[in-house]
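Each of the next two complexes has chain A plus one other chain: chain B in the first, chain C in the second.
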Partner chain A sequence: MTIQIVDWVQTGAMIGGGLSVGLAAIGAALGEGYTAGKASATLSYRPELAADVMKTMLIGQAVAETAGIFGLVVSLLILFSPTSGATMLTGWAYLAAGLSMGLSAIGCGVGSGFPSANACEGIGRQPAISGQLTTLMLIGSGVAQSTAIYGFLIALLLVYKSFPDTATVSAICSLLAAGIAMGLGGIGPGLGEGYAAGKAIGAAARNPETLGVMTRTMLVGQAVSESTGIYSLVVALLLVLRV
Partner chain B sequence: MHDLGRIHQLIVPLFGHEMTFNIEVIVMTWIVIAGLLVFGFLASRKRRLVPGSLQVIGEFFIRQFYDLAEDALDKEMAKTYAPLICALFLFLVISNWLGIIPHLEEPTKDLNTPLSLGVMGFFIAHYAGIKAKGIKAYAKAYFEPVFFIMPLNVVGEFAKVVSISFRLFGNIMGGSIIILVVSYLVYSMVLPPLLNAFFGLFVGTIQAFVFTMLTLVYISVQVK
Partner chain C sequence: MDATGGEFAKGMAMLGAGIAMGLGAIGPGIGEGFAAGKACEAVGRRPEEAGLLTRTMLVGQAVSESTGIYSLVVALLLIFVV
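Right after this comes the complex of A and B.
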């Protein structure tokens, strides 16, 4: 009987680890590639700005990669965590953790690529305010990653929470539902917040006097579009904590 | 590999309760604080019109962060909050860089450090909001756009603390876990120094800056 549980936990860990890093890689890679493409397009007509644009591109890509790094970390934590003392539910929890982290990172990876790409484009338009644009980009793509961070939080909870020995169907379903709720709920807000940040940076680059107004509008808009992600976080927390 | 994510703790029984100290984190935080105090002392010891090299670095930091604070807040309020912002950034950036020295670890790798700084930022932002707008206008902001949305606005405020502190924690802890696993896989050859440079210096600086700027922005959202 013990061997069966270990097998079960390892199966859950492998599938969960694969889902976490595999799905998270989709978003982060797309966002980074989009940034690099826009940077190349900018340099084609402003080659003398190569240093500034390259610097902003690399910083933006490093921020966009955060979601991918979270996916990798959750997958490593799942794969290397000890199987001794694990119960039947642990395997399902690992699977749910992979779903939560992987799915929520898709939107955030792509989303945090938008501000970086628009900052590269904006520097080509207004080289004089490249510092302010980079700062606005960091704030915008940082906030756009909130839902991936909530997914990371739920995944950590699922990995480190101790579960009862007996596995009921409702407990298994709660864990999986928490992963799905946070994962799917994280996609949209990541994309939406990234879009808001990207457009705000583009607008600030067109008209530098509006930088302050744009920062505030961007933050308010992002806060509102994040609310659906927060609904998911609340539901996922309720589902995990009731097991 | 089995000590992944484990920490050393000192548990002190006190009047029937248990007090837990994460010793490594506390010692590393003291190292950072001591380093910053020494830097501050040396940089401001011989202040001259023609500055020495340490004074240049110090003035550069101060000027940059006062400018950022003046952009986000107005000139009067920047005087109140810029020292906080400057200190926060210096503490975080030195903390994140500490891991590249062998046998030392980043204090930010433990969730307690980013979470306490995030909670501090939360209280400062709300205090600033109440002070600038008055309690009535401050409370009214929670009932917009419609009154029944109030609980979600409150949850949203707490979610800000979660997202700001887990962003820093996840990046730094993630970096150290990736370095640990890769070092184990390649027998600590060739790759670990490059990874240390990427995660410690590059990502560490960016995340320290993002944390600082978000704290500043949360203050500026509250006061306007």
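Right after this comes the complex of A and C.
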């Protein structure tokens, strides 16, 4: 049995494509399910707010779904890229792209679920400021998505970069390490920022006059929480660009 | 694909850098987010203490950040020195 380079590339593409969409689906589905659960619990004691809560729930779920959609896009890109002219390293790059996108999307999907769920609960408490709560939710979950966007960026870089013909052990390991660094590094900030946004929305719904100071505190806290995600992005870029 | 000793060690150092930074970023990310969330909750209860609470949150997060910076330093050492 002889294994051609094309077979290596296709194998990498199949595993990478599966990892990308499979792992990303975990986070997005958990976040959306948590949102739907809180929305149902809110409606059980405030059924008259069905329209507002449903609207916020759907917007929040759409944001949480973005991480899953990134995973799907990367998966399709990997699976349908041409194998002509590909080198052995391309197959490993596809595998690393799947890890980078899939793992980072887990944290961001779950993280975006916290603000959406607490926004639904908050509207049940303070229906008068449902617009402001939805805005705060969009800001908070948008920031929580940022590491999924870094993961998407690294995945695109890995898919479209051209590689040398000779595959050395250190080049293969560098590509895999870039995927692992960005993928795992995206989980923590995504979860942490989402938790912060969720608590901020819950607190703003209890005490609506603190909405302004709450937005500021939330953004400062999220910015610090983001730093390790940026370190991961830097390390991943260094690892990809040295090949 | 040739795997001489030095080349193999270089490859493992790169893999180590990726694992160090990837796993090292999980803890600070979650911990700092938790600190930020609880600070927001506290600001909601006592809005007049927002300045003090933000300061305390930032000091706590800075300490929590240290392991993330250690991971970054180790990852950079593994990439550039080994």
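Everything below uses one rule, namely that the second predicted complex is superposed on the first by the 240 of 243 C-alpha atoms of A that agree within 3 Å, B and C clash if a C-alpha of one lies under 4 Å from a C-alpha of the other, contacts with A are read in each partner's own complex, and residues count from 1 in each chain.
By definition in this document, a residue touches a chain if its C-beta (ideal position, glycine included) is under 8 Å from a C-beta of that chain, and two chains touch if they have at least 3 such contacts.
Keep in mind it's a predicted model, so treat the numbers as computed, not measured.
In the superposed model, A:S225 makes contact with chain C only, not with chain B. After overlaying the two complexes on the shared chain, residue contacts for A:G190 are found with chain C alone; chain B is out of touch. By the document's definition of touching, of the two partners only chain B reaches A:T135; chain C does not. In the superposition on chain A, A:T168 makes contact with chain C only, not with chain B. Looking at the shared chain after the overlay, A:I149 reaches chain B, while chain C stays out of its contact range.
When chain A is checked against chain B and against chain C, the one touching more of its residues turns out to be C. By the document's definition of touching, of the two partners only chain C reaches A:A178; chain B does not. Shared-chain residue A:M214: touches chain C; no touch with chain B. Residues 216, 220, 227, 231, 234 of chain A contact both chain B in one complex and chain C in the other. Those residues of chain B lying in contact with chain A across their complex are 1-2, 4-5, 68, 71-72, 152, 155-156, 159, 162-163, 166-167, 170-171, 173-175, 177-178, 181, 202-203, 206, 209-210, 213-214, 217, 220-221, 224. Contact residues on chain A toward chain B in their complex (touch as defined above): 59, 62-63, 66, 69-70, 72-73, 76-77, 80-82, 132, 135, 138-139, 142-143, 145-146, 149-150, 152-153, 211-212, 215-216, 219-220, 223, 226-227, 230-231, 233-234. Those residues of chain A lying in contact with chain C across their complex are 88, 103, 107, 111, 147, 166-174, 176-200, 202-204, 206-207, 209-210, 213-214, 216-218, 220-222, 224-225, 227-229, 231-232, 234-236, 238-239, 242. Against chain A, in their complex, chain C makes its touches with residues 1-3, 7-8, 10-12, 14-19, 21-41, 43-45, 47, 50, 53-54, 57-58, 61-62, 65, 68-69, 71-72, 75-76, 79.
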